[in-house]
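Here chain A shows up in two complexes: once beside chain B, once beside chain C.
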Partner chain A sequence: MGYSFSRMLAAIVLAIMASLSWADEVLQDTTASPQTIEAMADADVEEDIAGAPPSIQDILNQLASRSFDDKEAAIRQLAEQDSPRVVPLLNALMNRDLVHNREDDTISLGSKQDGQWLLLDPVSETEIGTVDSRAARPVVINNRLRTVINNQLALFALNSDDSEQRVQAAAQLIGNDDPDMLSALRLRRESEDNSRVIEQIDTALNIAALGSDELTARLNAIDTLSSNLHPEVKNRLNERLRLTESDAEKTALTKALRRIDSRIENFQTADTIFFGLSLGSVLLLAAIGLAITFGVMGVINMAHGELIMLGAYTTYVVQQLLPNSHEWSLLVAVPAAFLVSAFVGILIERFVIRFLYGRPLETLLATFGVSLILQQAVRVIFSPLNRTVITPDWMSGALQINPVFSLTYNRLYIIFFALAVFLGLLTLLKKTRLGLQVRAVSQNRTTARALGIRSERVNALTFGLGSGIAGIAGVALAQLTNVGPNLGQSYIIDSFMVVVFGGVGNLWGTLTAAFGLGIANKLLEPMAGAVLAKILVLIFIILFIQRKPRGLFPQRGRAAED
Partner chain B sequence: MSFSKSMKKLAAGVVASSAIAYSGAVMAADTIKVGVLHSLSGTMAISESTLKDTVLMMIEEQNKKGGVMGKKLEPVVVDPASNWPLFAEKTRELITKEDVDVIFGCWTSVSRKSVLPVVEELNGLLFYPVQYEGEESSKNVFYTGAAPNQQAIPAVDYLINDLGVKRFVLAGTDYVYPRTTNKILEAYLKSKGVAEKDIMINYTPFGHSDWQSIVSDIKAFGSQGKKTAVVSTINGDANVPFYKELGNQGVSAEDIPVVAFSVGEEELSGIDTAPLVGHLAAWNYFQSVYNDTNEAFIDQWHSFTGDDKRVTNDPMEATYIGFNMWVKAVEKAKSTDTDKVADAMIGIQTPNLTGGMAVMNENHHLSKPVLIGEIQDDGQFAVVWETDGLVKGDAWSDFLPGSKDLISDWTAPIKCGNYNTKTKSCGGAAAK
Partner chain C sequence: MRDSTFKGALSDRTAKTFMGVLFGATLLVTLLNQVFPPDSALHVSAYTVTLLGKYLCYALLALALDLVWGYCGILSLGHGAFFALGGYAMGMYLMRQIGDRGVYGNAELPDFMVFLNWSELPWYWQGFDQFWFAALMIFLVPGLLAFVFGWLAFRSRVTGVYLSIITQALTYALMLAFFRNELGFGGNNGLTDFKDLLGFSLQEDSTRVALLMATAISLAGAFVLCRWITGSKLGRVVLAVRDAESRARFIGYRTEHYKLWVFTVSAILAGLAGALYVPQVGIINPGEFSPLNSIELVVWVAVGGRATLYGAVIGAILVNYGKTVFTGIMPEAWLFALGGLFVAVTVFMPQGIVGLVEKHWPSLKQRFLKTPGDNDTPMAEGEQS
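Our next item is the complex of A and B:
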C-alpha cells in the first residue's frame, strides 16, 4: 500500500514536471520565434530576407543615408516596432542625440564628453566606447522629418498618463487626414475623460468629417466647428465652400465663416492693444529715468541710453556669475543694475554735469561725449559682439488664450514691471524725505538752500536715482533686444520724445505719453508699415509741440517759469 | 630770439618727418602693403571686426610661407568707424598715402558704393567679401560674396520645389540690399506663377526691436491654408528680437519656415537657438561643412583668436578665397600692378572651404556652390540641400527690366562692366 502510494506520488510529480517543462517550451518558443526566423533567414542567404523583421539597430542604421526620403522611411518603420525603445529613440533623434559613427557607418546614442563622443548602444544603452569628435556627427533631420517624428510621438503621447501631454498630442494631430491617426483619435475619444483633450480630439475629428461623403455628417461638423478659432478650421471651411454643390451646406458654411471672422477680428483688436501696451511699457521704462534727470532736474543727459546699456550688461554679468540659477538671476540683476548705473550716474554728475548747471548746450555736448566713452569702454571690455542674456523659462512662451489670441509672457511681465517701477518712483518722490528735498530743489534751488537743504548732495542723489532707474530698465530691455554697445542709442530718442510729449517734470505725463505713443504706433503699424508709422508719430509730436510747447501736462506755477 | 627758436623747431620737424617718409619708402620696397578697410567701431563693428582678423590671419600665414614673390606682406589696418563717407576718405588715404597694393574691405552696400568712385579714380584694387544685391561690376572690384542668383534665387527654388511653399513673406530692413533683392525675388516669384496676393512685402527700420505686430501679421498671413515661408533680408542686430518674437509667439519652423540671407553663425552666437531649430539660411559656406580644408581653417582660426568657441562664417570664406586668389594672381602676373593683377585674376582657381574649387569669372564674380542649412540648437547649421554644381555669379540680374540685357565682361574685346547685349554697346541702361 505504502509502496503503491509512493509510486503514484512519483508519477504525479513526473506528470506535473512534464507539463511544466512543456509550458516552458511553449513560452520559449514564442519569445524565441523572431530570432529563429532571423537565424533561418541568415542561414539561407538565397532566400529573400525582406520578409524577416529587421532589428531596431538595422532600422536605425538606415538613418546614415544622406537622403531625407530614406530617413523618413526609417522613422516610419521604427515607429511601427513594438518596443519600449521606440519613443526614447524618436526623442533622441529629435534632440540630435543619435549620432552617425563614420568609422563603421552605424547609428548609436552619443553625447559629447571632453571633446569626444561617448557612444551608447541604442537598444541596451550600454557603453560602446568613445570616438574622436570629428569621427561622428549627429544625424541631420529637416523640418519635414521633424513633423513626421512629432506626429508619431503624438500618437504615443495620446495614451500618456499626463493630461497635458495628451492635449498637446491631440492638438498636434489636428488637420491630419491619415486614417491610422484618425482611428487612434477615435479610440482615445471613447476612453478620454479630460475635457480639454476631448475638445482637441473633437476638433480634429470634425475637421476630418468635413471631407465625409454624407451631407448630414458634413453639416453636423460645420455646425460644431462654427465657433472654433483654430486656423485649420477656417482653412478647411473655405476649401469646402469652394468645392460644395449643396445650397444648404453653402449657407451653413458662410454663416460659420462669418461667425469665426467676427470673433477673430475682436481678438485682433485686443492683440493690437496688447502690443501697444507692451511697446508703451518699454517706452515708459526707457523714459522714466530721464523723466527724473531731464524732467525734474532739467539736465539734458545724452548718456541716458548708455546707462540703460550698463543695466543690460549688468544682467549679463550677473548671469555669468550665477551660471546655475538663470531662473532667478534677474531678481539679483535688478538691484545690481540699479547700483551700477546709479554709481556711474553719480560719477557723471560729480565730474561733468556739476560744473555745467544752467548751461544746457554744454551739458548736451559733454554728456554726448560721455555716451561715446561709455560705448567704446563696453566695446573694449566685452568686445563689439552682442552678449547672450538667457531668458528664464518662466518668461518664455506665451499665455495661449485661444488659437488666435495669446499674450507673450516676457511682454506681459514687462508691462507689470514697468508699472511697478513707476509706482515705486512716484511713492519715493511723494512720500519720502528725499523725494521732498528733490522736489524742493527742482522747484526753487535758492529757497531750498535757504531752508537748509544741501542742494549739491540732493543733485547728486537725484541724478543717481534717475540713472539707477535707467539701469533697471536695462534689465528688462535685455530680455527683448540685443545686449550690445549700441543698445542705448536706439532708446535715447524715444526717451526724450516721451518726456517732452508728456510734459517736462510730470511723471504722470510720462506715463500717459508712453502708453499713448505705444498704442498709436501699433494702431498705425498695420496700415502704414513700421517705417512710416514711426515717421507719422514723430510728425505728430512735432506738430503737437508747436501747439503746446510744454507737452501734455505742463507744469504750472513758479517752477515752470525758468 | 623766440623767432629763431621756433624756426629751429620747425626745421627739426621737417627733418624728422622726411626721415619718417624715407623709412616708409624703404619699407615699401621690401614689403607688399595690404589695406584692411573694415569698421572696428560703430554699429558694423560687430560683423566687420571678424573680417579684419581673418585678413590678418591670412597675411600671417602667407608670411610664414615666405610671403608673396619673396616679399613679406604688411597689413595696414584703418578704422572707417561704420561711417560711410569715412570709408571713401580712408580708401583715398590707403591708396595715396599708404600706397597699398590691394584693399580687403567693406561690408554694407552703402560703404562699397562710397568707396567705388575712389578706387576707380585712383585705380586701386578692392576685394569685397559679402553677399550683395548685384547690379554692379567695376574693373577695380572683385566680388567674392554671393550675387542674388547665388543665394536668393536658389533658396526660393528650394522653398517652392522641396517644401511646397505657395505664399511668401519678403521681410527686410529698409535699405538698398533688401529692396533690390526683394525686387528681384518678386519678379522671379511672379515668373514662377505666384500670385500678387500671395506675396507680402514688409520693411522695417535698422535695429528694429518691436516685432510683435509684424510677427502677428506673418502668423495671420501664414494661416490661410497654403504653405507659407518668410524670406528674410533683415539685417544685423534686428534679427535677434525678430527670432525671439517668433519663438515666443509659437511660430515654429514646421509651420512657417524663415529663410534668411543675413543670418550666419556669427549672428546666432548672440542668441539661444533652441526655439529656432529648423529655420533656414542660404549661404555658400557653413562652418559645419565637413572636409579637411574646412577643419584646418577652423583650427587655424581658433588658434589665431585664442578662442576655440569662435565661429566661422560665409563672409570669412569669401575673404579666404579672395585673399588666396589675389596671392595667386600676383604670383602669376609677377607684379602688384592693379591692371596686371586684375587681368591675371580672371580664370584663377583656388580651393573653397566646402570641398570644391572657386573660380573667378570674367565679370569679377565667383562661381560657388549654394547651400541651404537648418539652424540647430548649438547655433550651427545642418546642410539640408545644396546645388549640384557651382553656380556662376551674375552681376546683372535677369529678372529686372533695367538689367536683363546687361552683362559684365572684363576680358578683351568687350572689357566692360555693363555691356548691353541688345545694343552691343558699353554703358547700358543701368550704368552708373
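Our next item is the complex of A and C:
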C-alpha cells in the first residue's frame, strides 16, 4: 500500500515538473532583438557588399546565377536583412517555390497552375502575372546550400520569441561544428534565460569544445558532458576516445562514458517500471470490477471481459455520434460506458445468475455462454474488424523528461484514472449506504436479510456496479489497444489471475496484485521476451496458489474491507 | 447393483448397449464406405468417415472430463491441454514419418526446423521416429503433467473455482508457449502435412476407416474402464469426495490421493483422444490449447448429462454435430447457439439431456408404448418400481 502510494507521489512530482517548464514560457521576456545578434553573428560575410543597402528583390535576383557560391553568398546576405519576409523566402527556396523567370531574369515566388507559372512578388506576395511553363524554372539548390539554409533558419528560430522554437532550434544545432553557428549560440547563451534552451545550447557548445585544440578546454567539456544523456554526446565522446592520445583525456572519457551508461541504464529501469505501472493500471481497471462480482458476491463472471469490450465499443459509438468533439467526447464516454455495461450486467444478473447463486461452477459456464453471445452480437452489429478510437490531442504525445526517458501521456493518464476509479470504489464501499449493504450481504447473507436488507436488490446493484466499472475500464483500454470483438477475451484470464493472486474479496489485494504483476511482467520482458515473460508470470501464479490457495491477502472472518 | 469387477463392468447392460450402438454405427459406416462404389447412393464419403472419427475422439475427451467432473467434482478447464499434448506426441511421430518427403527434403529435420535454420533435432524430438516410443509418450506426457499438477494442487487443497481457474491458466500458459517458434513444435502453424502412419498413407480410405475403428475401440475400452472405476470401491470413495470432501477426509480417506488418481487417469484418456484426433484431421496447432476449447468441452458434458459417462458421449456427439450443421448453414449463428446452450443447460437442465430423459421416462414410455400394445405398459411400470 505504501509502496503504491510512493509510486503515485513520484508521478505527481513528474507532473509538477512538467507544469514548471510551461511556467518558464510565460515568465520568458525577450531582451535582445534577434536581428542585432544576427547581424553580429554574420559580420564576416558582409564585407563584399558596398554602397547603398540592396533591396530584397536585388538580393534574390543574385540567385539566378549558375554558380552555387554566388547563391550561397546571396542566401547569407538575405539572412542578414531586417525583414519579416526573410524566413518565408528561405523556406520557399528550400521547397523549390522560388522560381527564376528567364524572360526578365528576376526571381519571384511561383506556383504551377494549368501548365503555367503563376508568379507572385516575393516581398508583397501580390500577383505579378503568369508566364509559360518553359519560361521559368525553380531555383536549383544542392545539399551544401540546404545545410546553409537550414542553419540560417535555425538561427532565426534560435532568436524567436517562442521558447519552444528556440529549444528546437538549439537542439537541431547540437553536433554542428560550423563556427558561425557556434558564435551565434554563444551570443544567444548570454541573453537566454530559459533553462531548457540554455541546456540545449550548453550541450551544443560543449560538444563543439570536444574538438578544441586545448587539452584543458576538452577536459572541461568532457567533465560537463559526463552527465548528459543526449545521444550525440555519447557518439562524440566515443569518437574522441578513438582519436585522443592523451592519457588524462582517455581516463576522463572512459569515466564520462561509464557515467552516461549507468544513467541511461537507470532511466531505462525507470522506463520499465513506468510501463509496468501502466500495465498494472490496465490490469487494475480490468480486474477491479471482477474483484467486486467475484470477491464480494462469489460469482464467477466469465462475461466480464465482454463487459469491458462493451465499454470500449461505447467509446467508439460516442465518438461516432459526436464527430466534431474528439477532445471531450471521452467525458461523455465514461458515464455512457458505465451505464451501458451496468445495464447489461444487471440483465445478466436478473436473467441468468439469479438462478445460480451458490453454484459457482455453474455460473462460470452460464456467464461464459453469455460472453459468447455478446461477442457474436458485437461481431454482427459492428463487423468482426477492429474499430479505431481516436485519441484526443491532450492524451497523445509524451512528457519528455530527458532524451532517453519520456512518459507517454495516455499511459500517464490511465495510471491516474485507474487510481481514481479504485479510490472512488473504495469510498463507495466504505462510506455509502449501498457499500455497507454490499459488505453486509457478502459477509453473511442470511443475517443481512434478517436485518432487513433486500439482498436481491443488493445483488443486482453490486453486479451492476462491478459491470459498470468494467465498462469504464473499456473506455481506458480503447485508448491503448484496438477495439475488437476479442478485446475482452484477452483480459479475462489476466483479470482472474489478479483477483485470485491478490486474495478474493480484498480490494487492496487487487491493487497490489495488479501493480505487482504488471511490473514483474515488464521487468521480465527485456530478459525473456514478452510471451515468455507472460508464461513465467502465469506459472508463478499457479505455483503461488498451491502455496497460498487464498491469495496474497486471504479474506478472514468478517472483513472484505479493513 | 452392479458387479464391481472389471468383468462385471464389461458385461453390464449399459456397457453392452453402449458398445452395441457404437460398434454397430462404426461397422455400418465402414461397410457403406468400403463396399459401395463412390458413385452409389449408399456410399459414405471418406469425409463422413473422418467426421465420425473426429466426433468419437471428442466423445472420448468428454468421457475423460466426465470422469473428473461428474464423479469427482473437479471442474477442469484445462483438459484441452492434455488432449493437445497427446495430439502433439502423435504429431511428432507423424512428422518424423515424413522423412525426406518434406518441402526441403531433409531426412532428419521437419520442414519448420529447416526453415528456422536449425542444424539438428532437439533432444526432446529424439525417439519419436519409433511408434512404440511415441505411443508411450502419448500416455506418459499428459499423465505426468496431470500427476505433477494435481499433486501440487490437491495436496494444498486448492478446490472449486480456484482449481478451475488455475487449470485454465495452465492451458493458457501452454498455448502461449507452443505459439513460440523457439519451443520447437512448429510455432503458430503447429505440425501438419503428415504423410503416413505405420506405413499406411493417411490419404487412403482404408486408413481412415481403420482409424475410425481404432477410435471406436478406444472409446469402448475407455468407457468400460470408466464404468469399472466408477463402479469399484475406489469409485465410491471418489463419489464421497465429490459430495462431501471434508467428511470423507475425516473418516480417514486420503482424499487427495483419490483425486490425483482419477485426475491422472482422465488426463491420459484425454491424451489418447488427442493422439487419435491428429492423424484424422491432419494437423495439430497451439489453438487446441486455447481456453475456449476446454470450456466448450465442459458444455458437451453438461449438455449430455454429468456423471453418467454415456451422457458425456451423447453430449459431445450432439453438440459437435450441431456445430458442423450450423457452421455449414449459418456460421454467424453458431456462437449464439453455443452461448444459448451454455445458459440454457446450466439454468434449465442441470442434469443434461440424460437427466431430462430419465426424469420424463415413465410418462414418455407410457405415451410412446401405448399404441403398439397395452401389455408393455405394466412391465415398464414394474421396472420402475
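The rule we apply is simple: the second predicted complex is superposed on the first by the 358 of 562 C-alpha atoms of A that agree within 3 Å, B and C clash if a C-alpha of one lies under 4 Å from a C-alpha of the other, contacts with A are read in each partner's own complex, and residues count from 1 in each chain.
What we mean here is this: contacts are C-beta pairs under 8 Å (C-beta built on N, C-alpha and C of every residue); 3 or more make two chains touch, one makes a residue touch a chain.
Quantities reported herein were computed from a predicted structural model and do not represent experimental measurements.
Novice: In the overlay, answer first, second, both or neither for which of chain B and chain C A:220 touches.
Specialist: Once the two structures are laid over each other on A, A:220 reaches no partner at all.
Novice: Touch check for A:546: first (chain B), second (chain C), both, or neither?
Specialist: In the superposed model, A:546 contacts chain C only, not chain B.
Novice: Going by the contact rule stated at the top, is it chain B or chain C that touches a larger number of residues on chain A?
Specialist: B
Novice: Contact-wise, after the overlay, does A:531 reach chain B, chain C, both or neither (first, second, both, neither)?
Specialist: both
Novice: Look at A:91 in the shared chain and tell me whether it touches chain B only, chain C only, both, or neither; answer first, second, both or neither.
Specialist: neither
Novice: Identify the partner contact of A:278: answer first if only chain B is touched, second if only chain C is, both if each is, neither if none is.
Specialist: In the superposed model, A:278 contacts chain B only, not chain C.
Novice: Is A:160 touching the first partner chain B, the second partner chain C, both, or neither of them?
Specialist: It touches nothing on chain B or chain C.
Novice: Does chain B (first) or chain C (second) touch A:376, or do both, or does neither?
Specialist: both
Novice: Per the contact definition in the header, classify A:366: touching chain B only (first), chain C only (second), both, or neither.
Specialist: The answer is second: A:366 touches chain C but not chain B.
Novice: Who does A:490 touch here: chain B (first), chain C (second), both, or neither?
Specialist: Touch partner of A:490: chain B, not chain C.
Novice: Pick out the shared contact residues on chain A: the ones touching chain B in one complex and chain C in the other.
Specialist: Residues common to the chain A contacts of chain C and of chain B are 376, 379, 531, 534, listed in rising order.
Novice: So in the complex, the part of chain C that touches chain A is made up of which residues?
Specialist: Residue list for chain C touching chain A: 75, 152-153, 155-162, 164-166, 168-170, 172-173, 176-177, 179-180, 291-292, 295, 298-299, 302, 332, 335-336, 338-343, 345-347, 350.
Novice: Quick check on the complex: what are the chain A residues that touch chain C?
Specialist: 300, 302, 352, 355-356, 360-366, 368-373, 375-377, 379-380, 489, 493, 496-497, 500, 531-532, 534-535, 538-539, 541-543, 545-547, 549
Novice: Within their complex, state which residues of chain A touch chain B.
Specialist: 68, 95-96, 134, 137-138, 140, 142-144, 146-147, 150, 231, 234-236, 238-239, 268, 271-272, 275, 278-279, 282, 376, 379, 384-388, 390-391, 396-398, 400, 406, 408-411, 480-482, 484-486, 490, 522, 525-526, 529-531, 534
Novice: For chain B, which residues count as touching chain A in their complex?
Specialist: For chain B paired with chain A, touching residues are 40-41, 43, 45-46, 49, 163, 174, 202-205, 207-210, 212-214, 216-217, 220, 223-225, 237, 240-241, 244-245, 247-250, 253-254, 257, 266, 269-272, 275, 277-278, 290, 295, 374, 376-377, 382-384.
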